[in-house]
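A, B, C, D, E, F, G and H are the chain letters, set down in written order, and residue numbers restart from 1 in every chain.
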Amino acid sequence: MGIPIGKLKPKKVRKNIDLTLWERLYIFEIIRGMTVTTKHFMANLVGFVLHAKGKKRNIITVYYPEEKVELPPAYRGRPVLVMRENGKERCVACGLCEKICPASAISIIAEENENGDRYPASYLLDMSRCVFCGFCEEVCPKEAIVMSSEYEGLAKRDRNDLLCTKEMLLRTENSVKGRIEYIRRIYAKCNY
Amino acid sequence: MIDTLKRKGGCSSCGGVDDDSRLLGGSVILTKLEAINNWGRKYSFFQYPFVTACCGMEFMSVCGPKYDLDRFGAALPRFSPRQADLLMVVGTISHKQAPILVKVYNQMAEPKWVFAFGVCAVSGGFYDNYATVQGIDTLIPVDIYVPGCPPRPEMVIDGLIKLQQKVMESRWSDYPKGASPVSNDK
Amino acid sequence: MSDSAKDLHSEYMVINMGPSHPVTHGTVKFLLTLEGETIIDMKVDIGFLHRGFEKMCENGTWEQVMPYTDRLNYVSPLINNVGYALAVEKLVGIDVPERCKYIRVIASELSRISDHYTNIAAGAMEVGGFTAFLYFVEARELVWDLIEMLCGARVTSNYVRIGGVKSDLPDGFKDKTRDVFKKCRKLWADVNKLLTKNRIFIDRVRNVGIMPPDEAIAWGFTGPCLRACGIPYDVRKFHPYLVYDQMDFEVPVGEKGDNFDRYLVRMEEINQSMRIVEQALEKIPSGPINVNMPEYRWQSKEDISTRIESLIFHFKTVTEGIKPPPGEIYSAVEGANGELGFYLVSDGSGKPYKCRVRPPCFPLTAAMPKMVKGGFIADIVPTFDMINMIGGECDR
Amino acid sequence: MAANLIESIVKILFIFSVNIGFFSPILGWVERKQSALMQDRVGANRADVCGFTLIGLFHPIADAIKVLTKEDFIPEGADRLFHTIAPFISLTPAIITFAVIPFGGQYELFGHHVNLIIADLDVGILFVFAFASLASFGSVLAGWSSNNNWSFLGGLRASAQMLSYEVVMGLNIIGVIMVYGTLRLSQIGAMQADFFNWGIFLQPVGFVLFFTCAIAENKRAPFDVAEAESELVAGYFTEYSGMKFVMFWMGEFLEIVTIGALVTTMFFGAWHLPFVSDQMLLNYFRFAGPNGAASLAIVVNIITFFSKVIFFIWLQMTIRWTLPRFRYDQVMRLGWKMFLPIALINIFITGVVILAK
Amino acid sequence: MNEYIPVLIMILLAAATSAGMIVATTLIGPKKKFADKMEPFECGESPIVSPKLRFSVKFYLIALFFVVFDIEAVFLYPWAVLFREMGLFGFAEMMVFLFILAVGLIYVWKRGALEWE
Amino acid sequence: MQLLMFYIFGLGAVLSATLMVTNIKPVTAAMNLIMTMFFLAGIYVLLDAHLIAALQIIVYAGAIMVLFLFVILLLNVHEKEGETARRKVVIQFGSIAIVGSLFIIIAHLAVIYPSAVKVITDTAYEFGTTKAVGKMLFTDFLLPFEIASFLLLAAIVGAVILAKRRIDDSE
Amino acid sequence: MVSLNAYLILGAILFSIGAVGVFTRRNVLIIYMCIELMLNAVNLTFIAFSRFLNNMNGHVFVFMIMTVAAAEAAVGLAIIISVFRNKETIYVDDINLSKG
Amino acid sequence: MEANITINKLKARFAESIVDAHSYRGDDTAIVKKEELLDIFIFLRDDKELLYNFMMDLTVVDYLGKEPRFEVVYHLYSLAYNRRVRIKTRVSESECSVDSIVSIWPSANWFEREAFDLYGIVFKGHPNLSRILLYDSFQGHPLRKDYPIKKRQPQIGPNNN
């Protein structure tokens, strides 16, 4: 195991960095640096001024509230609960997510309905604690809680507004379809 | 647990209300002036980046080329609290850090706003232990809470826009705010 | 002189630099004693970001530690993830599938790239080169796009699992990587032009914060800072983990151990890491990415929803945590700042009995006074930047 | 007399509006926008009035409003008087110096002799130096009076640096004076009607030195050691808030303009287009009658002059956003050990060359 | 003397502008004072020493050299203006002057007064 | 016009000079001296001494006073409260009253009574310009000019020796 | 038109203020400043005479005085500094040079 | 066996000080008596065949309920031979101190301070043994097993819960 210290041929990085007289004179290197920045400046200026509506800008900046970046399917936004067709949550209040959540952000009160099925009478998710780790999604046996791609509207003026109840968390299955498919794919059998 | 969460978030309500300005509050000119003033404040946040932890990475990104907080006129970091308007509390505040945060907040010149960036600043996040402060609103009044660990730059910008709205709604009499300085007893 | 205290030249100024100072990133306090501009004495106070990492670990299950490791060195969270997972796997005694190893290598190297970007960027910014800073932030943004594609988060990845990784490489990852690296190399060249031969920059960093090799060892330096002294110690070469022994990369070293060397080493490491990522993407085999051991790795969703025993197992592992056999191990990976060691003690229960991290920048920060004493205030700036003290890791 | 008075008041108002009304707010915008573009960003662009954003031009206005209504702050233990007048001392000279800089030639307009300079002083350039040297009091007082350690260090650095570079600048300008034989900036400008008589060709070293020293004197990056954010928090104005703090900036911005104008005047042909003298301009515009021609020529002069000034502003900004900053001792070393000898040698060489001709 | 009138106007105007700004900001801004705030800012800690202490004599030396070389420059201005008229003689004259001062500079340099350590 | 200017500048100079003398704080005194010099520069302009006016500011206000300021800050001695307080009253009332009234009275007298010296009002255009001063300096006063350089040299050497002595001693 | 006398008197007043300062103040630095003020007063007289006699010698004199003043300030302040080092005071009462 | 050369040499040299030794998962470990700690470390550092020049890590494990309660754990690394070793020493709660090794490896300085801060182990001969991660007014040592995770100290204002 491992290469003993004598055998390793490291790469010396400082070899040709000694400055020539030319480079010592500040000014030429300064000009070189300035050409770099000026190049960026000019390119952006042109790209900025000549930019036509709808065309892709060559500037990297995203004009956020108007324009949004494309999120990869892996993106973990806020956790949301998935709704069944009947408008009820899929969650069976098994409590796994509550258990695994490192931030203890989830608190569930389980109850049984008339059919004898467990359901969460109250499902509180404290967004002011949630660290978007995705564990809840990973452990949930029912695909009932998923990390949606939502990230907007989370800023609040009051900390109490960040406490989300079940009603605030429920999303239709369609709206999180992509995510459900994604988790099915990544936690598929073939990966184990 | 729910009880503690229901704690009144921050004390950003106005403190020393000036009666004269109340009386004048109705006059049209004053409201106009107020609006202009708020407009100026809203687009000119000089921020004091109180960056301590991982959220700082995302904070760099927010200021960086891709998200560019400067578009909102809020990218100019001033490391002197006298010149800053917006205290960005970015990251975990430990008990060791708490007096410093309070001091910096106290030393900021009026009017000032506080932005809790990331769940650690909002509530302590998942560091619920002996070392961390459970939310900076236990220390100083907070104007806007942005959860996320760390929040996406978009969430921060969202928060900033919310804060701008809040500034727009503010009145002369809201400043200086806070009836008394935030205490810093050790 | 006996009355030198009264002498005009020796009236010292004692000043707090930090914690809330632009150069100290809010996480460290330097108590400086200055004579004019010269640093006579310096005391370093850390701990402003002490978040009780170990205590949190001891109170969570083995899996739950993973997100906490993200936030140790939050500039390169994936390396921490990998390091922790490897440590637990060593404790448990399992080996992960080949594809997983490659993915972990890719993830770590991406993280290392972003770390070095951040480090050089911050360093450049603090010596005044704001533009170079933003170029690297831009480059980092591109790398983060990759990381986000892979892990689903930009910073706190929580990607690696004990006995595997969370998800497979996404589609189109290779092409995207190629694109991103092309752009990154361009930005790298720009920054190189802006800084490497610029005399103003060189004057700021050269011969500043020198650490001779023997002292560096005695002070416990590892990583780029040790390599800058000319000692090619790199855990990836010396104790190869994952598939680093199959990768072709070089270990850059400096000569003098000053800030300039640290900078150059990091610049070169960015290139080497890119090479590793490219190679790994070429060589990566197909296959599973997780071990199929229900007692150590949560089951696939398919199994859970179809097989009742899987479901039961799942409940058990999630609620009780995995249970490594009692014992203790130390396992190290090459973090972005140096040797990132995990010392784990298990008592056979579902929670780590002890989860100690050897933070690479802790000893580096400890040596700060040694490196800057006798220099100017301004020397603190590049020195502190180039040791790359990361609060989350140093204070835990 | 009255006509003269009106003329000078018009000129003063013009310069005033250009400087205070145009340059000082717009430079804040330019700095942000230019740096943004250099760094692949967009920069401030969202402040809107009735929905118009005008690529962020309203941001300086927002800043001004905000800053005016910001708490004015004087820390305990500070010397209140000096704390208050320090920004005054910094800003005022910066405004005044523009008085002796010509922004056009001399013309007959409606029988009145118009000289496009506020005050055509015999001591011209010395006037600039006189006021520039006063400005150094501003930073040293600001640093000293704030009762803050960082300010104190910053003030010291600022003053020592400004003094050093003032010397070099003073010596360095001698070469230009030798070439043109006058201190009057209007004459220096007039003598550059011929393209090959531009200062840059006669005094290339002088130009580089002057430009560098001027930036250093203005404490802009890479010489911003006195307000170096990463070292001294905010340097000598750490304890300033609101308008007073912005006044230091305004002083800095106005000095950028002044530097641009001085460099243009002394090295880049002042208000002259290359190969086009004032007389030629008048000839081109003959069609408009004598008065019309003169007015058009004045307009052309002013535009030419300010375009050059803007170019140099751009250049200064580019430098500022490209380079890392020096260390303090390096700044001093550069001034005393490199620039000062070079300036002396430059005087010598200039003398020899002129004598040899 | 007449050409100074505009200068005077300019000075008055400039002073009025700056003074106006200061007055305006002192009047308009909200005020709130308390002990913690009035303390000088030192990175969130209380200052340990007062800055009103003596600083290095080096700064005095810098100012001193500045004075001397400023005077030198002052002599040079009239000379430079007259340079073309005076010809070689004037040149030689000044070179003697400069030489003597250069000796001063070299002395200072050698003496290490320009060093920062 | 000139008279008005003279009075403004003169009064300003006298006032700030008085303030300088009476002030306890050396820093304030120095700033007042700068003001005095500023006003004097104005008076020089009235006297057509353009170059001298500029130099007054550059050399006195800009250079020498900086030196003073530095030394004041360098030594940073606390005022002797009792001593100065006692003097303060005397000085303020004494000098302001006497000198101020003297100024006003005598200045008026001076305007009323023609001066003994023959007044030349129409000076040449060249008067007071850089060129004119230079001409004199480099022809008639050549020797003093060269001696000045020695003086400056002596000043540098002397001051460096005096100021740096302790450093070298302690090394 | 302001007469010569007015300038002379202004000079005299400034000079006497300076003199008063030299005699009454005990702070060496302020005494020093007063001396500068007196020099300035003299300068003023020179310039005034030179203007009214239409003879520019006065200007050159002032020139020289400035040089001397600068040199004097440099050395004088250096002396003050070194005296201060030994005595820790800048008050003339406390400085007794003979007891070095 | 090559891997155990360190342990073997140690055993040969300090026979009675080595309480125990094992190589769990390839990690060479020696548990030594704390009295001879300094000598052992000097030997490990200076012996020609060992040359453990890195003091990689120092930490403490709190085995609450066992006696002696604490174990101070050192991780050493030898660059020349590319070898690691773990040295442990046991410290009882009553006599909670151990010799400082700052004189051998300066890097131990902060590690020891940290161990003192979080576990309350006193390192005798340490030049400046004070709290490092926590503030001075902090009571107790949080990483001891008997310190409740949520026990907060009255550092900040009235609101903390």
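By our rule, contacts are C-beta pairs under 8 Å (C-beta built on N, C-alpha and C of every residue); 3 or more make two chains touch, one makes a residue touch a chain.
Since this is a predicted model, take the numbers as computed values, not measurements.
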(request) Taking CA centroids for every chain, report which one is farthest away from chain E. (result) H
(message) Taking each chain's centre as the mean of its CA atoms, which one is most distant from chain A?
(response) G
(message) Can you check which chain pair, B-D or C-D, has more C-beta pairs in contact?
(response) B-D
(message) Report the inter-centroid distance (CA atoms only) between chain A and chain C in whole Å.
(response) 20
(message) From the mean C-alpha coordinate of chain C to that of chain H, what's the distance rounded to whole Å?
(response) 24
(request) Report, in whole Å, the distance between the mean C-alpha point of chain D and the mean C-alpha point of chain E. (result) 16
(request) Determine the centre-to-centre distance between chain E and chain H, using the mean Cα coordinates as centres, and give it in whole Å. (result) 58
(request) Note the residues in chain A that touch 2 or more other chains, in rising order. (result) 2, 5, 30, 33, 36-37, 40, 59-61, 63, 102, 131-133
(message) If a residue has to touch 2 or more other chains to count, which residues of chain C qualify?
(response) 7-9, 13, 15, 19-22, 37, 47, 50, 52, 55-56, 67-68, 131, 134, 138, 141, 156, 194, 198, 200, 231, 233, 238-239, 376, 395
(request) Going through chain E residue by residue, note those that touch at least 2 other chains and give them in order. (result) 4, 29-32, 35, 37, 39, 41-45, 47, 49, 51-55, 57, 59-60, 63-68, 70-72, 74-75, 77, 81-82, 116-117
(message) Going by the contact rule set out above, which residues of chain A touch chain D in the complex?
(response) 27, 30, 33-34, 36-38, 40-41, 44-45, 48, 59-61, 63
(message) Quick check on the complex: what are the chain A residues that touch chain C?
(response) 1-3, 5, 8-14, 17, 19, 23-26, 29-30, 32-33, 36-37, 40, 60, 71-76, 94, 96, 99-100, 102, 131-135, 138-139, 141-143, 147, 183-184, 186-192
(request) Within their complex, state which residues of chain B touch chain A. (result) 1-2, 5-10, 65-68, 71, 119, 122-126, 128, 135, 137, 142-149, 151-159, 161-162, 166
(request) Please name which positions on chain E make contact with chain F in the complex. (result) 1, 4, 52-55, 57, 59-61, 63-68, 70-72, 74-75, 77-79, 81-82, 86, 90, 93, 96-97, 100-101, 103-104, 107-108, 111, 113
(request) Spell out the part of chain B that touches chain H in their complex, as residue ranges. (result) 4, 95-96, 98-99, 102, 128-131, 133-134, 138-139, 182-186
